[in-house]
Amino acid sequence: MGPRHAGPGVPLQVLAEHCGGQLVGNGGIVISAMAALNDAAPGDIAFLANRRYRGQLATTRASAVIVAPDDAGLTALPKLVTENPYAAYAKAAALLYPPVLAVPGINASASVSATAQVAASATIGAFVVVGERTRIGERAWIHAGCVIGDDCELGDDVVLYPRVVVYADTRIGTRSIVHAGVVLGADGFGMAEEHGRWLKVPQVGGVVIGTDVEIGANTTIDRGALGNTVLEDNVKLDNQIQIGHNCRIGAHTAIAGQAGVAGSTRIGRNCKIGGAAMIIGHIEIADGTVISGGTSVFDTIREPGVYTSVFPTLPHREWKHVASVVRRLRRLAERVLTLERTIKHLGE
Amino acid sequence: MGPRHAGPGVPLQVLAEHCGGQLVGNGGIVISAMAALNDAAPGDIAFLANRRYRGQLATTRASAVIVAPDDAGLTALPKLVTENPYAAYAKAAALLYPPVLAVPGINASASVSATAQVAASATIGAFVVVGERTRIGERAWIHAGCVIGDDCELGDDVVLYPRVVVYADTRIGTRSIVHAGVVLGADGFGMAEEHGRWLKVPQVGGVVIGTDVEIGANTTIDRGALGNTVLEDNVKLDNQIQIGHNCRIGAHTAIAGQAGVAGSTRIGRNCKIGGAAMIIGHIEIADGTVISGGTSVFDTIREPGVYTSVFPTLPHREWKHVASVVRRLRRLAERVLTLERTIKHLGE
Amino acid sequence: MGPRHAGPGVPLQVLAEHCGGQLVGNGGIVISAMAALNDAAPGDIAFLANRRYRGQLATTRASAVIVAPDDAGLTALPKLVTENPYAAYAKAAALLYPPVLAVPGINASASVSATAQVAASATIGAFVVVGERTRIGERAWIHAGCVIGDDCELGDDVVLYPRVVVYADTRIGTRSIVHAGVVLGADGFGMAEEHGRWLKVPQVGGVVIGTDVEIGANTTIDRGALGNTVLEDNVKLDNQIQIGHNCRIGAHTAIAGQAGVAGSTRIGRNCKIGGAAMIIGHIEIADGTVISGGTSVFDTIREPGVYTSVFPTLPHREWKHVASVVRRLRRLAERVLTLERTIKHLGE
């Protein structure tokens, strides 16, 4: 399970070619690590993606920087100039910090079903369980303690970090990454009320996860009741998110930590959902919608845009007064109406 | 770990007897799977539980349907007519999708204490740990990677999905189901402040879970500080719920995903708590109370009813205006009062 | 994995010396357990920390009590009198319920790297994995199923309950306790948008946890993007908390269940953050700040104090009226302004 330690270093010229930026200055200097502007040391490359930190360009000890064209004039350091410094940072970091390489093979302690098909280039860690008829693709890396049920399909280059549980009938696309403690395919929350008791509704659908998806630690994605729960390609989920049964999350949508999506809701493509947002079941969210952190969404959103619902934070004493007015807000509105009528009458 | 695949099929007549509905039409046709009205294929039975989808009765390709008496006239298909189509669906699905059967016995890799008592008909999966003096009932199924502490009691037909952790002194009643990643009996959040530092308060109580309970993936239920944390019979918890120490959740209460209940709170019977609801500690919630999703509850609720506290979602630009008025709401109320006095004076 | 059962009992005199209170009455009586005032039986010691329960002093069956000076006159029972009864309770419980002792050694089933250094007095449970070059201190107890990555350092007396995952490059200080299901050091939620797709930003920082920290079940703490995520000494985190990459949580700060802190936020020392609170990224919270449960914090807080943002809970029918006024609040404010102008005009 890999930390990513800096590799032997890369000439700035090579970084520029890899990241697609324009090289300004000496391309022969060797860059050995990535750092924030105010933490950088000689040998590091830093980046400016948030203009709030522009002042740090003058004082950084980095050997080179990644900047946008508008900021290029602010520093005499060797630099990569690019319209998207944050994306260039992502690419540079991937080059400077090579991924830890797995040693292919099945750990002797793992319990792999005789009917499972595991690619020879895949790595299966200690104490992993792989169920009947499950297929695991080339170079996939299943870290220690994962439990994968029957009839699953994990694509090439999939990574499951330690202790992921994959219930039966789950499919995970190529290059997707699943962090520790995630549970994929547990039963959705389905039950029928009869005479004041709950009857369990068997959850007989599955989970289908696209390619290039990343799922954060301890997130849970329930299997469908009938039919599948679906994450399309390049969906990015942070930690401790809950996705209910039969949801569909559109491609390139990112959801921040502790958000929840109740059953059968469909979220469009390229949406951004803030942390701790709560989205009710059986609604639809349009492509490109942005939901602020902490916001509760109770109705379908047809128009993309930014949506928010959280109450402003106040010092508690002040909040108590405000909350007390909120409670009586209907009465306040009625009083204003009465005033308007009275004045109209007085004015006549 | 079982997906539930459709079995060999069941004559509609048999389904009717099993589900308790009235059979209308040819009871001899064989039903092989359950499906939603708009997804169904020949051989499937579909159901109408939400009248919003009534239009789909005319176009479904299902071979039979489950409907309420009021909707029975809308289709000529063979059907089961029942006052509670959703409960009939639950029962039909349980018949059509037989549970995966466990193979009794203790996996050779499991680590079971010599003083534990495991019923011969129970199934203990790979890499399971069972502590001292713990008892596991008939036909219980402990999936791979579970860790069960000392002095626990798991009733007959209990199912623990993979990687459940059960701390010492936990009791789980008959037929209860616990999904992957759940933690039962971790220490409650108890500490005493002394000279600006926190001292840990030992948590010496336990957890007691009734019969026919279901607990969703990655939910956590803390042990009592003194005395027990209790879930009564037929409580249904969704994923990622947090139940604090010494809470008591009444029978037949259902709580949706990511809700939290702080310590020592008592929730009544037959309550319904929405997703991401937050209930403070040391309060009581009356039997039959419904709490809307996202709602924060800070006071005891004595009268059953539906309770809500979330702010309506708005486009962000509009929300900013509203939030700014909310912040100054106390002043607004004062201005209305001033107006009322002025007008009274003017009118005199 | 230890429940804490009461030990053989302790004379009240010894408890008094251990807890630092003033003994009043017979110090020779043997106390064998701790209990709540209304649950206590003979042989138990109870405590009064919340004055709401003062009435129970008259009826408790406890053999002794822990009380504050102001309440000492309310009972004739043998007692410990102290300014901080809750802290005395914590200390008394620690004495009455001795911790379960681990048996040092490495379980035969564990998979410990040849390059790891495990103290001889440490306990490594079944199916534990310890990575390359990782060091584990004296008397540390790593329970069953934990997975610890490469290059980690766990201090003396650290306890990891079952199924904790520690990614590579994580440091945990002396005496810190980590509950089941916790994930330390998973990748932070970092990605760059390019042409409508997300690129992963490698997360190459680590996690540094101080001494005397406690982390609740299924909590997740992400590794830094560049640099570390830090929990200072004596931080107390409840269950299911999410701490984003590069956060710093100050010493002696306590955070209740299901709260979340987004990336790069710095929380001061001795703060108290309520359950389900949500704190946005890139802000600072002053030392000694208190955030109410359920509150969303979107801006830096420079002045310590109590802060709140949750909407008051109402019966749903009433809430609907209030919510509808809230939605039109900007208009209401404008109407009040119009009224004020009209009246001013009328008054002239």
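Labels for the chains are A, B and C, by order of writing; each one numbers its residues from 1.
Note that in this section a contact is a pair of C-beta atoms (placed from the backbone, for glycine too) under 8 Å apart; a residue touches a chain by one contact, two chains touch by 3 or more.
Computed from a predicted structure; not experimentally measured.
As for how the two copies chain A and chain C face one another, under half of their interface residue numbers coincide.
If you lay the C-alpha trace of chain A over that of chain B, the rotation comes to 120 degrees, to the nearest 5.
Centre-to-centre, using mean CA coordinates, chain A is 25 Å away from chain C.
The set of chain A residues that touch two or more partner chains comprises 109, 127, 145, 163, 181, 218, 240, 258, 276, 310-312, 314, 326, 329, 332, 336, 339, 343, 346.
Touching chain C in their complex are the following residues of chain B: 109, 111, 127, 129, 131, 145, 147, 149-151, 163, 165, 167-169, 181, 183, 186-187, 189-194, 196-204, 206, 218, 220, 222-223, 226-227, 240, 242, 244, 258, 260, 262, 276, 278, 280, 290, 292, 295-299, 305-312, 314, 318, 321-322, 325-326, 328-329, 332, 335-336, 339, 342-343, 346. Contacts from chain C toward chain B in the complex involve residues 1-6, 34-36, 39, 84, 86-87, 89-91, 93-94, 97, 100, 107, 109, 125-127, 143-145, 161-163, 177, 179-181, 212, 214, 216-218, 234, 236, 238-240, 252, 254, 256-258, 270, 275-276, 293-294, 310-317, 319-320, 323-324, 326-327, 329-330, 332-333, 336, 339-340, 343, 346-347.
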